[in-house]
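I'd like to ask some things about the structure below.
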Amino acid sequence: MIIILKPNADAQKRADLCEHLVTLGLDVDVSEGQTSTVLGLVGDTSRVDMGSLRILDIVEDVKRVSEPYKKANRKFHPCDSVIAIGEHTVGGDEFALIAGPCSVESREQMLSIAADVARAGATALRGGAYKPRTSPYAFQGMREEGIEILLEARAETGLPIVTELMDVRDLPAFSEVDVVQIGARNMQNFALLKEVGALGKPVLLKRGLSATIEELLMSAEYIMAAGNEKIILCERGIRTFETATRNTLDLSAIPVLKELTHLPIVVDPSHATGVARYVRSLSLAALAAGADGLIVEVHNDPPNAQCDGAQSITPEAFAELSEAVNAMLPIVRGTTTAR
Amino acid sequence: MIIILKPNADAQKRADLCEHLVTLGLDVDVSEGQTSTVLGLVGDTSRVDMGSLRILDIVEDVKRVSEPYKKANRKFHPCDSVIAIGEHTVGGDEFALIAGPCSVESREQMLSIAADVARAGATALRGGAYKPRTSPYAFQGMREEGIEILLEARAETGLPIVTELMDVRDLPAFSEVDVVQIGARNMQNFALLKEVGALGKPVLLKRGLSATIEELLMSAEYIMAAGNEKIILCERGIRTFETATRNTLDLSAIPVLKELTHLPIVVDPSHATGVARYVRSLSLAALAAGADGLIVEVHNDPPNAQCDGAQSITPEAFAELSEAVNAMLPIVRGTTTAR
Amino acid sequence: MIIILKPNADAQKRADLCEHLVTLGLDVDVSEGQTSTVLGLVGDTSRVDMGSLRILDIVEDVKRVSEPYKKANRKFHPCDSVIAIGEHTVGGDEFALIAGPCSVESREQMLSIAADVARAGATALRGGAYKPRTSPYAFQGMREEGIEILLEARAETGLPIVTELMDVRDLPAFSEVDVVQIGARNMQNFALLKEVGALGKPVLLKRGLSATIEELLMSAEYIMAAGNEKIILCERGIRTFETATRNTLDLSAIPVLKELTHLPIVVDPSHATGVARYVRSLSLAALAAGADGLIVEVHNDPPNAQCDGAQSITPEAFAELSEAVNAMLPIVRGTTTAR
Amino acid sequence: MIIILKPNADAQKRADLCEHLVTLGLDVDVSEGQTSTVLGLVGDTSRVDMGSLRILDIVEDVKRVSEPYKKANRKFHPCDSVIAIGEHTVGGDEFALIAGPCSVESREQMLSIAADVARAGATALRGGAYKPRTSPYAFQGMREEGIEILLEARAETGLPIVTELMDVRDLPAFSEVDVVQIGARNMQNFALLKEVGALGKPVLLKRGLSATIEELLMSAEYIMAAGNEKIILCERGIRTFETATRNTLDLSAIPVLKELTHLPIVVDPSHATGVARYVRSLSLAALAAGADGLIVEVHNDPPNAQCDGAQSITPEAFAELSEAVNAMLPIVRGTTTAR
């Protein structure tokens, strides 16, 4: 952390500030310039409140030099993390294809879609049992019963299951679930993050609608600081002024995240756009941008889906997408390794 | 809800769609035009999924005519709601001044600030006991002990207390609290909203950083649908591209909300800007824009605050702000009634 | 400007960088720390490209310490600028009320509105003769004829006129105009900025829809660097995700600008919201926030306006707003001076 | 266009409205519902001001059914437009690779880069002669001399040249230029758009930083309405809250634009991210998303570039990118045609 002092800062106040910083356990480097003096803080600055320094009347500005996250930071963990899910992995050589309906609606629907996506090459099955809905009057999910149906689908297809947790009190129902999803609206539900940090299973952490990349990594850090390092990040669109798509898929986040963190990243083009016919091209774009996988909504009867039918592709479209992914993967990975 | 059909929509598909809508309990008005046909849906459309209709191949677009919220809607409840807090009210003729530190840090600090803001005209006391922090390494609040200190401050000053709930499991500690605050990051934590909907006490609901006004009202609707209609809305800045202030205070939201809902609205200029020296002018602007009150951070020693010192004003500045509010209030309310 | 070097930066490369900086006419302060080395650049850094430094492999980050604008900077010009317009001023003790229709539509309309707003206390008259329209098929303004009508309205009422310039080739028609407006879409039309920088008359510079406060000041700097220091800044709403209003009026920008610059600031609540019934409350909020004036759309027959009728208030509503402003002004200025 | 009337709208006012609409040359379909009445307008509504209708007291809302652009609309021009540039095309089977430095800095630099990118497979050469710079103190380009150098580079390499026009008065210098670029900051400089609409050569139109997709198409419509239909659209990042990249590249815009318009689309990953090392992955992502080409900044000595060195890739990196594009193109186009 760097503190830039105002020109002609009072010498006594400056001495007091340095002393205060030393009591926080920091070393202070002083650089005297003609127009400004810079204090360089050496040591653990993660507990220093930048805002409180910034309001001192001798301080011009305070700037952070190093990232505020450690366990998620590639600097301290240069190799890619690879997370095992069932017989597959996310983050290594494999490309994850997580597919399934927005919500579990019935046993028949779920088993049918599960069989379809398994046949088409999915590596995991998604489906919402507990549903975060903007309206209290909308369908809220099948809850425990939904989880039971997902487990049955896993038994039939062998696909590990990914499903969303919204309330710490529902955790007991998730004991058999393979991957616990934290939704975009809960990315900064810190109580929930701490709780999944105590689990021994992978967490798929979705980026909040207005979360910066740094905030996403700080939420991952919450889970990791609580003991669970098996985290899969998920880019799912951010909120911008553009209304042609539901949100704006931020594919630039992929190369940025690949630099900053060792955690794997999957992309959700279904929620990002809200429109099924844009899913294919953005899925391939995510792969080309360097993503480690996709999470895609697939429904056997989109017009009659209980939720988000407009963004669900059919099993046939998913099979075709899976083929396209497999055709493109060696080219992307081949060219990528030549980097 | 209005469904606009494509030109030359297949007659059989159109008949099927109308039949489907009737089975949902809706009446369908058909308007035939030269270039398009419009179906007007009459009845309770709150459970109709617009997206699923929009993807039908005969449908051009689907548009909502009425708001998706009912209990929060001024159309069905034309008079302003007035919420009692202690001996004061929010939403009527009074102007609420909720003041106090970001966090409860110690008994001495809290009692001292409480006495100061009470003397200066505060109508309620704020202070965080459970703190949502972006970093897992930052101060997380005094928790139950913080609540105890707040209750002691109430006993000494007579001011009702407002404090944030982050986790449904902490509810027992809030039994004596006057107003439960739901923070911006939890505005769509639906599990939490349902739970505070079962309480008999007022809820201060903060707008999420990237929440639209309609989403804020839908979150209020969640609480109201669960049985609790004592809701105070809070505008606290939205996330935009501008970085000169921490967030962008959206004062336009005040006249918009006054039109759409009967619920009272307070403004938090401290979190919106993150800068103490902008608090005064934006507080007066909020009053002039029609707000029902303010929630302001006040700290006796901002540079040494455990959190958000940069945005906290001193008790002296608060006293001066309180005076300015009192000078301006009759002018604003006088001119407002002439509307 | 501060350059933060990477830990263990190569000594030879570091020496080369320092030499390069010296050849740019800068002095270099070196601060050695345990974890990083910081170079402080002393001298005129306005021509240094931060990006080019940032990509050097020994550089961790480059941070600007001082603002990139000089003539607009309050640091070098501590007193408020006061701009004379006709018999009034913008930026001093007076509060500017610039009013008139979106477009000049006809002689009768313009003279009638001009007489109305003059009677109600306007200090200047606005009206568009050259209109920037999103659609090539929309009304494009009365052009030279519109300017003639504005000048006639000035002759009748004594009010100075403010009207928008879109094309450098139209400048001859503006010779008699009192204030030249640069619209939001042209805030970074640098050719236009340089040209109005050569004029001897005031410029009203509107903030672009997605312009940061710093960019607004850099555009003011363009005009000032070309020789014209009579600039009135105008906040008119920024583009955000919220759609309840056309744009989001950023009133926080007022106290921020008051700190950073000596130039006066007016607020346009009409374009910001796009809704006439929100104009009054946001006008008063702008005054309370510290603005130096308002620019408001007034039309005698809003439903039949050629453009932007939805955001125009009637002459009666303007008269009432003017009264409210006059009632509130002494309170705001009185309390402000007590700061 | 659809006008939704309020429940119990006054019959006389409704009749007056219908009569008014008929005088505008429109037919009016009336649909009576239990809760609302809908008027469907048939005819040319491009001149109807929605805002003016929306403020009538009997009107609940006004909604547009069809797009406000015609010549750019795929509905009226279903086949892809293919624009010839030199011996290549943009928009058909070929994939455009437009490469070169941000600015023309010297004859040696430009000829060297031109030779390099030609050898590596570029289909056109870019380079700025007139530079839009945020700061009046920054390098403003070599102007006419820069154009001369570009023409010499074309003579040596055979590559057509693309360069930016900022001021209508500079048009004479562009007589030999192959493609005139309109920069993001000038996307709504309507005077400039009309002028390039009178040219007989292709225009590369960049999306504004905060322009919606519809506004981009309306700006294309301006040029087309003035007579020039040879337009290449360019996505170059939009302004959002995220600061990890300079702007947020909106690749969702590609499939959306492909649906709405027949015009070709190229992507500029250099300006979008501002970071050279993200250019490769986002270039491949743009190709996978369905773009018709790329416009990429290439510089032989990025750390010493006069502008935007941080986002320029080296000629070697461009050659490798070109190879990767060629390897991926048949896969993307093959899978795309299977759509």
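Each chain gets a letter, A, B, C and D, in the order it is written, and its residues are counted from 1.
Going forward, contacts are C-beta pairs under 8 Å (C-beta built on N, C-alpha and C of every residue); 3 or more make two chains touch, one makes a residue touch a chain.
Nothing here was measured: the structure is a model prediction, and the numbers come from that model.
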Where the contacts of chain A and chain B overlap, which chains show up?
C, D
Specify the chain most distant from chain A by Cα centroid.
C
Which pair, A-C or B-C, has more C-beta contacts?
B-C
Determine whether chain C and chain D, two copies of the same sequence, contact each other through the same residue numbers or different ones, counting it as same when over half of the numbers at the interface appear on both sides.
same
Nearest whole angstrom, what separates the Cα centre of chain A from the Cα centre of chain C?
39
Taking each chain's centre as the mean of its CA atoms, how far is chain C from chain D in angstrom?
27
Roughly how many whole angstrom separate the Cα centroids of chain B and chain C?
31
Chain D: which residues touch two or more other chains?
210, 239-241, 243
Per the touch rule, the chain A residues reaching chain C in their complex are 2, 4, 27, 29-36, 38, 40, 42, 60-61, 63, 65-66, 210, 239-241, 243
In the complex, the residues of chain D that touch chain A are 210, 212-214, 238, 240-245, 248-256, 259, 272-273, 277-278, 280-282, 284-290, 320, 323-324, 327-328, 331-332, 334-336, 338-339
Could you pull out which chain B residues touch chain A in their complex?
46-47, 49, 51-56, 68-69, 132-139, 166-169, 185-186, 188-191, 194, 208-210, 215, 218, 221-222, 225-226, 239, 274, 276, 302-311
